[in-house]
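I have a structure here, written as C-alpha cells, and I will follow up with some questions on it.
For clarity, chains are labelled A, B and C in written order, and residue numbers in each chain start from 1.
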Amino acid sequence: MTDYKKTIGIEIHVELKTKTKIFSDSINGYGRTANSNVNVVDLGYPGTLPTLNVEVIRLALKAALILNCDINREMHFDRKNYFYPDLPKGYQITQFETPIGTDGYVEIEVNGDKKKIRIHDIHIEEDTCKSIHYKNHSFLDFNRAGVPLVEIVTEADMHSSEEAMAYVEKLRELFLYADISDCKIEEGSMRCDVNISVSKTEELGTRAEIKNIGSISNVGRAIEKEAERQIALLEKGEEIAFATYRYDEKNDATIMMRVKEAGNDYRYFPEPDIPFVLIDDTLIDDVKKTIPMLASERREKYMAFGISLLNANKIIQNRSLSNYLNKFLDSGIDLVIASNILLGDISFYLNKTGLDIESTKLTDEKFIDIVKRISSGELNSKVFKEILDELLEEDTSVEEIISRRGIKIINDPTELKTIIEKVIANNSASVNDYQNGNTRAIKFLMGQIMKETKGSANPELVNKLLEEELNK
Amino acid sequence: MSDMLTEKEVLHVARLARINLTDEEVMKYRIQLKQLLDDVDKIKDVKIDDDEQLITPIDEKAVLRSDEAGEMLEPEDIMKNVPVSNGNFVEVPVMINE
Amino acid sequence: MSKYLDLSIREINDLLKKKEIKPIDLVEEAFERIEENAELNAFITLDKEQALKTAKELEDREVDNVLFGIPIAIKDNIVTKDLRTTCASHILDNFIPIYDATVIKKIKEKNMIIIGKTNMDEFAMGSTSQTSYFGAPHNPWDTKKVAGGSSGGSASCISARLVPLALGSDTGGSIRQPASYCGIVGMKPTYGRVSRYGLIAFGSSLDQIGPMTRNVYENALLLNVLCGRDENDLTSSHRESEDFTRMIGEDISGMKIAVPNFFISDIVSDEVRANLEAVIELLKKRGAIIEYVDIDYIENAVTLYQIIAMGEASSNLARFDGVRYGYSVADPKGVDELYALTRGEGFGEEVKRRIMVGSYLLSGENAKTYYAKALQIRKAIRDSFLKTFEKYDLIIGPNATTTAYNLGEGLDDPLKTFLDDVLVIPVNMAGLPGMNVPMGFGKNHLPIGLQIIGNKFDEAKMYKLAAFIEKELNLDLDPREVR
C-alpha cells in the first residue's frame, strides 16, 4: 500500500480586504442583514455595467508579487458562463487568458526540508452570492455577490498531506501579513479546494477534487482519507470516478457531490465591458512599497535576537503584536524580555479587554522604559503585573506610577545584606544543601528573600550578594 | 451533408442556453439553426495572418474606481421586482448541487 | 389642433422663452398625435400622467437650454426608473426598473419630457421590429411596410412627427437602417461616445445609443446632451464635450470622400444606387473629391456580426432567469425547470435562435474556431477603416440595399435580417460613427437614406456633410403630406 504516490494540487480562493466590491461601489462587508450591501450592479440588473475597484488591482498585484509571479502588464477580464442561482449575471467575471500573475512559487518547509511549490497562476474574480438551503427551497443573499477574490492555483507539486498543509498555512501567513485578506477559513474568506490522485507509476491517476475544506487540519485529514479511498478502489481493480467531493468532518470521510461532466463548458470569452488594464512600473513600485516584512523574515529576525522558535511563532500568529515588536528591533532593548512580556501579561490583558495593543496607552517610550527596567532588575515581574493596568490605561510614565504606588526597589546593598543574613540564619538546611553542591537550593533562598522584601528587592543584586555570602 | 440538425443537436444547444423548446420549435430550429451555422461557417474560409484580436473598439485603457462606498438599495426595493421572495431573501427551488 | 410640434426646436424654444406656449402644450399635442396615429404602434408604453406632471412642474422654471420642455421618446431597451421597460419581450413585460440609464439622467437634467417607450425588435434583435412581443410598428410612409429595426418605433414616431426627438440604439445598424426606411436623421455615435449604462445589453462591444430626429441640426443638439464620460461605464470615452453643431453650414468643397466599392456592388438595388450616384454627382459639383476604395474584409462583416453579436448576446441574456426580476414560471419543480421554462416561455423565436447559436459558437473548441477568429478579422476591419481615414474625411454609401419592404416578409428566414444590415454592420465592427440622412425616394415614394461614416469621434464633420446634403436636396420628409 505504501508504494502509491500521492499527487496534490491546490486551488485557494481568498477574499480581498477592500472597502467596496470589485465591480460595484457597494460595501464589501460580512454578516450584515441579508441583501443590504447590494446595488443594481451586484444584482445583475438589465443595463448595468461593471466598474473596477483600484484597490482590488493593488491587492491582487501585491499577492502576485509575494508569490514571485510574472506580472501580466496588460491584462483583461473574461466571462465564465454558467447558470446557477447564486450567479446573478449568468456569468462570472474572471481572468482566464491573462491572469494578473503566472509562474510563481511559494517556499514551504516540512520536517526541516525546504521545497518550492510552483504557482501556476493567480487571477482576479468576483464572488457569487450566498445561499442557504431549507427543505425544498434555497434562499439567496447577494451581500457576497461581487466581493473581490483572488484564486491561487498551484502546479500538482505536493505529495503528502504535510506538504499540502504546510502550503496552505504558508499562503495564509503570507496573505495575512501582507494585509491582503483576513484569511479566515472558518468564515469563508479563504477557501481551499484540493485535487488529489494516487498512482504507483509516473503516470498520474484519475484525480478527485475535494471542495471547500473548512480548516487547515482538515486539508490533511481529507487528503489522507481520499488517498485511502482511492488506493482501496485501485487495489480492488476498480476505477476512480472523475468527480467532486466534500470532506465530512463528522464521519472523517470524503463524500461525492457530483460526477464532473467531460470538459465543463464554461464558454469563456473576453469581457467586452472592461477595457485592458495597464499595470505599469509606477504601480508595481508603489505596491511593492506596501509589502511589509513577511512572516518568515520576522521569524528569522526574532530568533537571531534569541527568541525561541515557539515564542517567535506565537508572536507571528498575532500580526499586530508582531508589528508592535518590530518597532523595537533596532532600539537595543532585550527582545527576549520584550517578547516574554508581550506574550505573557500584556497578551492576557489584551485578550481580557479585547483591545488591540496600539489602542492602549503603552507608548513606545513606556515600553522601552519597562523592558530596560526589567532587564536591569529595577522592576520585577510581580510588580510589573501589579501595575500593568495602570501602564496600559493611563498616560502617566513608568516612573510616576512606581513612585505613586510607593513601590521602592531595594537597591541598597547594606539593607539587602541585613535581610540576606537573616534568611541564611533561618534556613541553615538549605545553606547546607547549597554548600554540598546542590546549587538549586539558592533558588529557594532567593524566594525567601523576595518574600521578606515583599518582592521589592532587585533580584540581580540579591543573587550576586547571596552568592557572595554563601561562598564566604 | 444534411440540411437539418438532429433533434439531439438542437436539444444540446437548447440545454447549453437553458431554454425549453416545444416539439414544434425543435423541428423548426433543426432547419433554422442549420442555416445559420452553415452561414457562420464561412469564417473558416477567411484568410487572416495577424493574430491580434479586437475585444472592444476603444483605445483607452480602463480607468479604475477608487475604493469608496456609494449608495446601496433597501432590501424592500430589491424585493419589489423579485418573483419569489421570503423576507429579505430571494427564494428559488433548492439548488441541487450543494 | 395646435401645430407647435411642426415647428423647429429653435422656434419652439423661442415660444417657450417668450412664454407664448408652455411645455404642457407640447406634451398634450404629442399625446393627441400619438392617439391619432395609434395604428403605427410606435410605442410600447406611454407615460402620459408623469409627462403632464413634469410639464406642469416646468412651468415655473427658467427655460435654460434649447431642449427644455421638448417631448422625447425613448427606445424600450433603455431603462427608465419607475417606468416599465420591456425590451419588447415577454420576459420583461412587467419590469419596472429601479434606476435610470445615464442618458435618461442627462435628458432629465435638461428638462426634456419623456413621453413613452418606443417599440422595437425583441432585445433589439432584428431589422424590422417585427420580433416585438407587442407587434410591429408601422412605416408612416406606407403603413403596410416595416419601419425597419430594431429602433423601428423611434424611427416611426419621429417620421410621423409624433414627437421631435427620440433615442435609438444601434448594434448592427439599428438606428441607421430604420432611419433610412422612415426618412429621418439617425446617428450611431463612435463606440464610447455615449454611456451604455442602462442600455440593456445585446452586443456589448457593438451597442451604442444615439439620437433620432427630423433633421440634422436637431440631431446634433441632442447628441450634445447625450455624450460624455460616465464613471459607470468603463468603455465610455474621456473626450471633452463638444458642440456637434459647430461645423454645420460650412462649405464642403475640398472635402475628401471615399466610397467603398462594396457599397455600390450588386447587393444594392438599382434605385438605391441611382440615388447614391446622384448625391455623388452633387458633391463633386460642389467641390468635394470623391474616390472609390476597398475596405479589407468588409464583405465578411455580417459573418463576424453573427458570431460576435450572438456570442455576446448569449451571455448578456443569461441574466434573464426568473430569479431576481422579470417573468418567472410559476411553481417550477427545480432550478433547471425554473430556467428552461422561464426562458423558453419568456423569449421569442428570434431571441431564442440567437441565444442558442451564440452559446454553441462559444462552446468548447468553437470559441477558437469562430469567436477568436472573428475578433482577429474585426481588428483588421477596424485597421482598414482607420487607414482609409488617414486619406479621407468621410466615407459614404447607402444604409439599406432597398427601401422598406412589406410587413410579414422574411419572418421565417433566419438569414434575411442579417443581410438587411450588410451595409451598416461594418461600422459597428469598427466602432466608428455612422449616420443616416435622407437622400431621396424610390418607387412608391419610400425614403432612401445616405450613410455617412466618420473617423472615430468625428461626428461634427459628419453633421457638416449631412446638413449640406439636407439643405441641397431640400426633400419633403413629412409623410403626412403623402397620406
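FYI, a contact is a pair of C-beta atoms (placed from the backbone, for glycine too) under 8 Å apart; a residue touches a chain by one contact, two chains touch by 3 or more.
Predicted model, so just to flag it, every value in this text is computed and none were measured.
Think of the whole protein's Cα atoms as having one middle point; the chain whose own Cα middle lies nearest to it is B.
Highest inter-chain contact count (C-beta pairs) belongs to B-C. Centroids built from CA atoms put subunit C at 56 Å from subunit A.
One simple way to say how far apart two chains are is to compare their mean CA positions; for subunit B and subunit C this gives 23 Å.
Inter-chain centre distance (subunit A to subunit B, centres taken as mean C-alpha positions): 41 Å.
In subunit A, 40, 43, 51-52, 83-85, 140, 265, 267, 270, 272-275 are the positions where the chain touches two or more neighbouring chains simultaneously. Taken residue by residue, subunit B touches two or more other chains at 16, 18, 53, 55-56, 58, 60, 62, 65, 73, 78, 90, 92-95, whereas all remaining positions touch fewer. Shared interface positions of subunit C, i.e. residues touching 2 or more other chains, are given as 95, 98, 204-205, 231, 234-235, 314, 318, 321, 323-325, 335, 339, 359, 363, 375.
Residues of subunit B that touch subunit C in their complex: 10, 13-14, 16-22, 25, 28-29, 32-33, 35-37, 39-40, 42-44, 46, 48, 50-58, 60, 62-63, 65, 73, 77-78, 80-84, 90, 92-96. Of all residues in subunit C, those touching subunit B in their complex are 95-96, 98, 191-192, 204-205, 231, 234-235, 237-238, 297, 300, 303-304, 306-307, 314, 318, 321-328, 332-341, 343-345, 347, 349, 352-353, 355-361, 363, 369-370, 372-380, 382, 412, 414-415, 418, 429-432. The part of subunit C that touches subunit A in the complex is made up of residues 78-79, 85, 87, 92, 95, 97-99, 101, 196-201, 204-205, 231-235, 311-312, 314-315, 317-321, 323-325, 335, 339, 359, 362-364, 367, 371, 375. Touching subunit C in their complex are the following residues of subunit A: 40, 43-52, 79, 81, 83-85, 88-91, 140, 263, 265, 267-270, 272-275. Residues 18-20, 24-27, 33-40, 43, 51-57, 76, 83-86, 131-133, 135-142, 257-258, 265, 267, 270-278 of subunit A are the ones touching subunit B in the complex.
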